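Scrolling down, you'll hit the structures one after another.
Shared chain: chain A. Partners: chain B in the first complex, chain C in the second.
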Partner chain A sequence: MSRAETVPVSEAVAASAARRPSPLWTLGLLRSELVTTLRRWRTLALLGVLAAVPVLVGIAVKIQTRGGRTVDHSGQGPAFMTQITNNGLFLVFTALAATLPFFLPMAVGVVAGDAIAGEAGAGTLRYLLVAPAGRTRLLLTKYTTVMAFCLLATLIVAGSALIVGALLFPLGDLTTISGTRISFAEGLGRALLIALVVAASLVGIAALGLFVSTLTNSGIAAMATTVGILITVQILDQIPQLHALRPYLFSHYWLSFADLVRDPVYWDDLVKNLDLQALYAAVFGSAAWARFTTKDISA
Partner chain B sequence: MAPYESDDAVDAARVDAAGDEERHAARRKAARYAVPVAVVGVAAATIGLVPALAASGDPDLPRITAQQLIEKIAKSDVQQMSGTVRIDTDLGLPDLGGLANNLSSAAGKGSGDGSSADPRSQLTSLVSGTHTLRVAADGPEKQKLSLLESGSEYSLIHNGKNVWGYDSKTNDVYHGTSADSGKEHRAEPPATPKDFADQALKSVDGTTSVTVDGTERVAGRDAYKLLIKPRQSGTTVGAISIAVDAKTGTPLKFTLTPKSGGAAVLDVGFTQVSFAKPAASTFDFTPPKGAKVTEEKKDSAAHKHAPEPGRDFAKGMNGADVLGEGWTSIATFDTGAKGGLPTGSRGGDFGGFLGSLGEKVSGKFGKGTVFSTRLVNALITDDGKVYAGAVTKDALVKAANEGK
Partner chain C sequence: MDGPSATEREAGDAGNRAPGQPEDAGKPAPGSVEASVIATRGLTKRYRGGQLAVDGLDLTVPAGSVFGFLGPNGSGKTTTIRMLMGLIEPTAGTVRVLGRPMPRAARAVLPQVGALIEGPALYGFLSGRDNLLRYDAADPTADPRTRHARVAAALDRVGLAAAAGKKAKAYSLGMRQRLGLAAALLQPRRLLVLDEPTNGLDPQGMREIRSLIRELAADGTTVFLSSHLLDEIEQVCTHAAVMARGRLVTQGAVADLAAGARGRLVVTTPDPAEAARVLKEQGVGDVTADGDRVTGEPPARDLAEVNAALVAAEVRVRGFTVERASLEDAFVALTGEGFDVAG
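Moving on, here comes the complex of A and B:
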């Protein structure tokens, strides 16, 4: 058992003296994790792709509606597509609706899958554990980092969409999908709320990815498995014969964020979504903890 | 020797300690893996038990006779309310999905009106599946009905003289005025439990038994359960159960079960209801910029007869003769299309497709095809007559024979 705790006696004594590091020290660990994650070219490329989606959607709608033509009325494509020309703020909703089914969770799957397995693969995990962090604390820090990435990725999509929407389309009072009007400030508030809900929707797959990441020492394998699970679940959610299973699939209520653009807001599915994400986080978070705190670290 | 001995002892102790540690580690591992398992267990128990706990305990309400309850519904004068309604329709129709949509939009275009915001093209979707609606009302002048879809919403807003339909998916707006139709004009198609209950209570006569069947809680409110059962044979209607709010007399839930048993054909109930005045802004509508606005055609008489899913499907038809009375009434009309299916002229393939859904019957009247659902059956004879009603196949054939 090459557990990190079985370090030479002199070091162990020194470590046990420092076993209860100040909360500040934990923040330091979190900061170093965040910086490491965000400095990776891979992460930056993912965020770049996410930021480009609203730009593409915005330009496509602009070109299509040039010269006073209205956008395609068939109602195809992501939700809110037809309203973008009324109000640039709708580009935020469209961009999130377009990226939530695949781009966003894929990015989260890559970061979460890499969290532990990537360190193990690069041989840096045991050095991390030599520091008096403790495995539980390290895992929590990793999970917090992944969740911070969820929020950052969502805010980047929303922010990019807001900028593109403001540049290409008029802003102003907003017609909700229920047909009522709300002020631009309230619309902006709802857009922020939607971004937070979308980020929270990714908490489930983040926990799942972290669990997968504790199972293997290969970062690539963990990422591929997580993204594979994502695709499988999305397909299962489309099969009508499996409707009994659907409410338990983490992606089932993802698009319920659209209910925040109703007036009054329809909370039922939103609450179900958040409950489900919390359940996934609890189940796979604790499974990751059970695995990570008891497994042999050989790399 | 002594040092060696002591070394041995230490080694033995080490081995023991290592064994202990291994056993300890195995126990610890098992204990830790028990945590996610326990979380799953607690979640499963919560999902299983909470609805059971919430459903337990019917409210204790003073006893009331069926007559008093019907009077309570009639006297009920709720002007202001809002709520969420869930409609479950299971007519046993094949799930045509996109095909049905195509057909209805084709029909819409056929009548020279392609707007997806037209109430007629929207509300046909209620005929099958599960839908969530929102209703709000503030007096006879202001009503709103919204059909909640994933990522979009269809709203029908009646405010004073204006009737607006807004489909957020396509950004289409439909505008009509209710002034010419007078006060009796109904902006809303039947969608709330009250609409269905009113229809059902109209048919309460000698052919029906009406009882109060205990109490229940609907949308967090105490309610009486009114049970309506047809006494006649030959109808496909098994029973109708209406939950009536004990305080206001408003029907909160309407369930229609077929005689053949199984799931309800129609289940309409509030999942959330409030009798407070809805915000005035709920009923304000201005077409958003860039929306395509379609004006109502003045001659659209059909508008008043929005498609009525459910039992009174037959009665709602224009220009139909009604045979029989009560639950076994059968609507009949002549399509004038000799040669069977009225769609036959639209192409052999499609007619053949429809024919394959029906069942060939023959009798004194000649030959025909019966189309069955779990509630409504229809007989289309080869000489173009249609008989339809919430009655059994045999009753249709009998009616056709007598009509000859």
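Moving on, here comes the complex of A and C:
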């Protein structure tokens, strides 16, 4: 076969050899990942549910307090709910306190669990890898996207709560848990800070979910496992006999964000929470990397 | 120097010509053995379940060839391709693609390789165009400024331009296959690895894909084409390797492979019984008569004498030919079994 001996290389291939990839091009994958995640019907449904929670809480409080009655508060969460009728800004704190134990981490668990396993199951992972996305680069992109989702989900809860609170209740200066008064502007600043801390609280479960996602080729299995772990950890955190273990459960310090509504702010548990999340991110991030960079992709 | 670091630059340009040296186009990069685009040595894969899928494979794919990778279902073709692309780790042996070791040099090698592996995989909720935009974005060497134009060109090339805006979940199997091919054609490639690209296509679709493969090969792209269809390999390939149960049975130029198996002598006659008797006398082996066709393995002696003997015995001969051996004959001769055996 004469064709095999003389190799005519096309102009096009020759031109491609001359191109100089810019390091910035690598960000194209992150952009694609963010857009693709947000275009999934499942992601939109989760965000829709999260946006609806403050609406339901706000309406429930409004109905219950019609005619001057006060809310009888019997939950264990921070006592924000009784304050909502005085100041709509408290709906932000209440909504975050209501969604942080389950809805928010569940949404993050679903997105993180699906991140690698879902693509493996659909077979799209092998095409990303031969593109070549690079395993470390793809994993970093996925983790960044899951963290962006943590922030987005939290901001949607907070934003929805702020809008509903402003519509249904008065706004103004607010009384902190410590009893001091701060201006509405400062209250708004604290609310934003709380949203950031809540988003950071989800970093641990995000890393855990991503690690689980590298273990299987079924997105559903990875999502279910991650949400199962979330529920298990929440239950373990309620068992007094396990008090030695509890400080290491990723959800243990979650509600410490309420300390940001104290005056002065009580930092101890907040810092412990952030340290714990960083620890989870480091441990499960490394585990996910070790697994994903050596895994046979045969789906 | 702007752009990637020095090591990355080296990696990106190895096996490829540096800018400003057009006369070197197509020649091997210094220091790399570039006669073969794919070279495996003792390549072996045992899956975790214990299944030995590929066993000591020594494959050599010459540059510029259309290389047919032939074998029945389960013979280890896809497993081999996964190792070539760095998706799975070989249990033993080495792989070099474009002269560089895989999977170590994947970052430098794979941008120059287009692949269709075990059928297309698409994001059903994205349009065909958005699927390609995503795959292109995954390649860090793909220029985002030309992305839309390249995607449009690839869609056009596989005849999907009209359906580009449709959600991929609404695509037929043939359209999915084409979109998978388009993903392999997003950039100019030096090597295309196509795993059963005509699977699930109707005859018209198969013809179109085959003519596309010929076009690409004419541009100088090496094509590595796996198939379980013998006639497909015979129609489009210059070279072929035959797999059976994870082992390489043979490889070489298609013409040589077919020549390795001896053709069959075919005599067309209204007197088949008499013809068969004479042919046996003349040393023709394995004589079988079927209607007016009598066939057999040609003897070592001059066929002119065989023909003369037929005429002397007053056998009326309508036709006297040696049919060239097909690849299937070669396969049967090599493995002693039919082609449709699953491994």
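By definition in this document, the second predicted complex is superposed on the first by the 269 of 299 C-alpha atoms of A that agree within 3 Å, B and C clash if a C-alpha of one lies under 4 Å from a C-alpha of the other, contacts with A are read in each partner's own complex, and residues count from 1 in each chain.
Criterion: a residue touches a chain if its C-beta (ideal position, glycine included) is under 8 Å from a C-beta of that chain, and two chains touch if they have at least 3 such contacts.
Remember, it's a predicted structure, so these values are computed and weren't measured experimentally.
K.L.:
Taking the superposition as given, does A:T232 touch the first partner, chain B, the second, chain C, both, or neither?
P.N.:
Neither partner.
K.L.:
Report for A:T85: first if it touches chain B alone, second if chain C alone, otherwise both or neither.
P.N.:
first
K.L.:
In the overlaid three-chain picture, which partner chain does A:Y266 touch, first (chain B) or second (chain C), both, or neither?
P.N.:
In the superposed model, A:Y266 contacts chain B only, not chain C.
K.L.:
Have a look at where A:W41 lands relative to chain B and chain C in the superposition and call it first, second, both or neither.
P.N.:
A:W41 sits against chain C, while chain B stays out of touch.
K.L.:
Check the residue A:T180 against both partner chains and state whether it touches chain B (first), chain C (second), both, or neither.
P.N.:
first
K.L.:
For A:T294, using the defined touch cut-off, is the partner it touches chain B, chain C, both, or neither? Pick first, second, both or neither.
P.N.:
both
K.L.:
Applying the document's definition of touch, where does A:S286 land relative to chain B and chain C: first, second, both, or neither?
P.N.:
First partner only, chain B.
K.L.:
Return first, second, both or neither, reflecting whether A:T124 touches chain B, chain C, both chains, or no partner chain.
P.N.:
Second partner only, chain C.
K.L.:
Indicate the residue numbers of chain A shared between its chain B interface and its chain C interface, in ascending order.
P.N.:
On chain A, the overlap between the chain B and chain C contacts is residues 1, 294.
K.L.:
For the complex, which residues does chain C have touching chain A?
P.N.:
Interface residues on chain C, with respect to chain A: 2-4, 12-13, 16-20, 22, 25-26, 47-48, 62-65, 79, 82, 85-89, 106-107, 110-113, 115, 117-119, 121-123, 125-126, 133-144, 147, 183, 187-190, 217, 219-221, 238-239, 253, 255.
K.L.:
Write out the stretch or stretches of chain A touching chain C in their complex.
P.N.:
Spelled out, the residues of chain A in touch with chain C are 1, 3-10, 12-23, 25-26, 28-29, 31-32, 36, 39-41, 122-124, 126-134, 137-138, 294, 296-298.
K.L.:
Tell me, which parts of chain A touch chain B in their complex?
P.N.:
Listed in rising order, the residues are 1, 65, 70-71, 73-75, 78-80, 82-83, 85-87, 97, 170, 175, 177-181, 255, 258-259, 262-264, 266, 268, 279, 282-284, 286-287, 289-291, 293-294.
K.L.:
Report the residues of chain B in contact with chain A in the complex, numbered from low to high.
P.N.:
21-22, 25, 28-29, 32-33, 35-36, 39-40, 43, 84, 116, 132, 134, 146, 148, 150-153, 155, 157, 164, 166-172, 271, 279, 281-282, 284-286, 288-292
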